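Chain IDs A, B, C and D follow the sequence of writing; residue 1 opens each chain.
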């Protein structure tokens, strides 16, 4: 969008060689992104690129913009990004792309026209449906439920919540969604919000928390409260965090994709873009190492696969 | 009779009434707020950690300083607690408490030494250590996270279980509160803290050990933040590098709402404790009163301001009364 | 009564003490010997180094050179706690209390009586405080916070604090500056009884009648150096003044008869509950009206209300026919009102600011062009006024707080005279000022009156009131109880009105 | 007066100009800034290019803007913790109004008005009711942020006219300097002159050192503070508008936590938290120092946690260093720091 891009272009413009790929998660210190970025690192090591990870301390778009700018200045080959805001990053990304940097989003997307590729963990309908199905099954398809989300502005969360509402209205008329609360992806806030929910709605049957921080905090509260076993909890969590709660019966089942695979795929997507194998157009096909081959869908979206459901029987098989 | 009038005039009375009001209204709306095992427990449990921080904060503020690093100290100690249980399996719980308190005290000592010896305003120093301690925490923790499964269940149950219906956490907090209140009221050293806050220069002229006392106040605040960190780990079970972020403003807020003068010299830890209770109880009551999630922060803001305005109005009313009394005599 | 006849070994002895602050030489030869059972006076001009010497005794400052012995052994105090435990009690020139704490706590801080478990025995402390006040003959509520107490009450608490220490040496740096007759007498009675118990006392004052009344020996200092020590019986006021100033001082009260002009200020029905009631008076151009009365009578409150820093409930104040709005000092200043306040360190000066900034703070609008102002303009104006009042400072950016008390007062006067007021209120204008300067301040006030300035002078010093005022208004418990013309004003008539509620005037 | 004849002479300053400049806090900060720039240019890859300036100023513009009124507020001995929340509120105001069809300039004007009102509320509580500003603005920090988040809920407004969002990021002519720098320079001049060369500014310093003496000198303490809090509100709102347009996104949580960055920069620039001391050039250098350092460290692939540690340490080191220097100076003269360095009541 600006005329100044040429200055930074000399190091990043020369097409197929620059396999410096930097992962930019929503924030540092987040186990989920640790796993995904480690997957990216593994992939990059496989094809002989340079891996790096930078990011803001807290999940704010302005912090990410600063890093995108920095990466543009450095002239990296590609950025693998989980966006804190769908549009606030677009201008910075635009400048990066003008300077020859490829931009792949994963986990949380920006508007499709800003970036080259989006690696989608699972399609939103699938994510919404698996959680609704889980909670419906656990509470006997009737009664009050609530949602404990991350921050109020999280794009992916909000999309899922909307789809869950649609799904509930269409197929589960006896389930009433009483409230959506936001734990800000903070342990303590999520914990206290869970307490408040249970307090406010004595009839509550279940809680859905489509965020790894939220579900573990809520499980932690339930574990020691009189609601354990009476209120069902499901959502998206990592096996390592949820193992205890599943084993002691606080949580019956929850879902997630494999974040490591997500990062792995993002890295291969970035590589394909850098090397000019794909442009992000619908129908482009690229190789993703151990995951096989993937095809770019509409709007430059690549779908990882279906979410996986974890329960007492299979949780021991996973370590992430 | 004299006791009664003293009680009515006390600065803490106003916000105590506010607290009772909040509880009564919330309970009227939804009886489980108070009259259910979990409701009663959470009423006491939720503010306990903040209470510890507020007590430490009150003592520091009374000496005309402020400790903005408490949230970061709490975070560091909470993670340390988890690491201790992971790296030294079988370590006695009491040892972890001691280590946490000492570690927090050490961090407080750094604050205090910079403030007292370098004669630098506490707000600046602790704003600096707020960043620095948190940064160290993030460097150390990385994306690691202490999970409930890493901690012994005896320790975890400290965070939630009760004795005669009163949660252990609350009991610990109350013991600290009573000790601090007793110390400030009846001990020479406690009174000297007030003197130092009231006029540091006069305290110096007077020959009080200003440096030493300020140092001790900071160590105390740090140690309490350390204790709060250990309890945080026990209560929440998960500790990431972001544990305790933004708690400092809540701690200062609790103390100020509780009538601790921000420029030192007056106020009590009792007030700070009630302030902590009020702050978090309001937070819990709002959803019950049907305030939508998004607006809750705004309501908390209004209530903080309301509490200090009320406090001020009462103080002005009282001093006017004193003047009128003098006229009549 | 005099102990000078039976010389004993000095309790405390200072000789050739030197002290410099950066480039400022405060003391070159501080020499002093205090004997048990004696009250020793220390006199000297403002800035002579008296307070510095006191602070060295107290351990607040450390000497750069010289000897300091206590009961024969050399001491090097590095904190006031050490001097205190060595048996030295000090009343500093400026009261230093903890405003949030109660009167009792202020007196006993750090050495409260304790009972089991180290708990403070509040009851005992309370009783002891009452006992102290009894001894000093004052009624101060021991449970109230010291915040809001008048300077006089604060000074009394300082005195109570010092005598409760039960020290062998009691140093009092201008303890009477804020006190009036009755309290001074009480203080002296206590001082004498301490002397008779065999303690050594040091008394600093600029009021010679007090020095001659109380002390048995006097030491004179000039420019940081010792001049002489002599038994009080063998010297005279003139002699002391000559040694202090290094020359003769003409009349202390050079009152010149000034032509009395039109009414400048009219105060009517001024009332603020709790402070003052139904105050009515007027001041004419060229007139000096004194507000006399006991300390705490409410004179400063009246002055502050007129100037607009304090509120008042009912009544009006007009200057040159224009009504002064309530609570608006800026408007009052624009209408030609100036107030030299009672507490120069808190109200009169911005202590941590420079001489130049202080001297021009009140005229900053006049100095400014379209609201813009520069240091150059300020310095030029400050230089003029510092010169007129002979402020002792080397540079205009000197921090006012480092000047001696008297020089600070001169800066305050300069600040307000620079506004070219038509009515000047001076609240205790010569408190803590040495004779030389005092005479000059008096002459200045006289000259200003001749030039047509109307002056209200609040003073607790009777000689000053009688010597300077054209008219004396006596305030008692917030009411004007007498109006006495210069011709009829005597010490007796003023004191009577000041201590009695109803006076036929 | 008649007593003596010889008129005294007074020097303007007790120390020559070069010494005053050299030992001043501003000089130290500016020196540190120069050092950081030189070292980064030599040792950090990709630092020495014009685009660095572009990104630097785009990043720190909100802090630079808000630091201006914050400096004045802190010099009076008060503090405003609600600035970042006002940024958020202003951002949401622009977003919501624009969403409902109001053109950007009009929405921006309303946002400025909202900022002014928010500042006036702070000011009224502090000066009329007489509450401590730290407590008041902790309250309004929550209140204004709550309003911002409450107004917009989960949504973010992102449909802004490209003309305006481009304007926020545009550069002056062919240079690498963003246009927003013009706004900053103009406001810095206004605030600098206001603080250092007007009677109003003289009042600000007097209030910070001794509110009572200021009142006795005819300074309208309450009005001065009130005006400053309103200025703080309106400039924060301006920063909020910039924030919204630069990121093309109006969100309730925009600029969360920015208040501490602003205060850190102001203090680093040599302003005394107890009021009465400080100068605007030092503050500007302080903001630039933090910003440049962060930008260089990011380019050197240092993670944000380390940057935070360095920022915090720098803040501590700067104040401890200053006080150490003062102590050294006092060793060679002035009394042992009993005055001056110890806090004075700012009630």
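Keep this in mind: contacts are C-beta pairs under 8 Å (C-beta built on N, C-alpha and C of every residue); 3 or more make two chains touch, one makes a residue touch a chain.
Owing to the predicted nature of the structure, the values given are computational and were not obtained by experimental measurement.
Path length between chain A and chain B in the chain contact graph, taken as the least number of steps between touching chains: 1.
The chain with its Cα centroid farthest from the Cα centroid of chain B is C. Centres computed as Cα averages put chain C at a distance of 42 Å from chain D.
If you average the CA atoms of chain A and of chain C, the two centres end up 74 Å from each other.
Centre-to-centre spacing of chain B and chain C amounts to 44 Å, using the average Cα coordinate of each chain. Chain B and chain D, compared by their mean Cα positions, are separated by 29 Å.
Looking at chain C, one finds that residues 60 touch two or more other chains. Shown for chain D are the residues that touch two or more other chains, namely 149, 153, 252, 305, 308, 338-339, 344.
Shared contact sites, meaning residues of chain B that touch two or more other chains, fall at 134, 138, 199, 201, 204, 261, 294. Chains touching one another, given as pairs, are A-B, A-D, B-C, B-D, C-D.
Across the interface of their complex, chain D is touched by residues 1-2, 4, 7-8, 11, 28-29, 52, 54-58, 60-63, 65-67, 69-70, 72-75, 85-91, 111, 151-153, 158 of chain A. Considering their complex, residues 64, 114, 118-121, 123-125, 127-136, 138-139, 199-201, 204, 249, 252-253, 256-257, 261-263, 292, 294-302, 304-305, 308-309, 312 of chain B touch chain D. Residue ranges on chain D touching chain A, taken from their complex, read 45-46, 49-52, 54-55, 58-59, 149, 153-156, 158, 165-166, 169, 171, 176, 243, 246-249, 251-257, 294-295, 298-299, 301, 303-305, 308. On chain C, the positions that touch chain D within their shared complex are 20-23, 60-61, 307, 309, 328-330, 332-333, 339, 341, 346-353, 355-357, 361-362, 364-365, 368, 371-375, 379, 382-383, 386-399, 401, 415, 436, 439-440, 443-444.
Chain D contributes residues 81, 125, 129-132, 134-136, 138-147, 149-150, 153, 252, 260, 263-264, 267, 272-274, 305-316, 319-320, 323-324, 327, 337-339, 341-347 to its touches with chain B in the complex.
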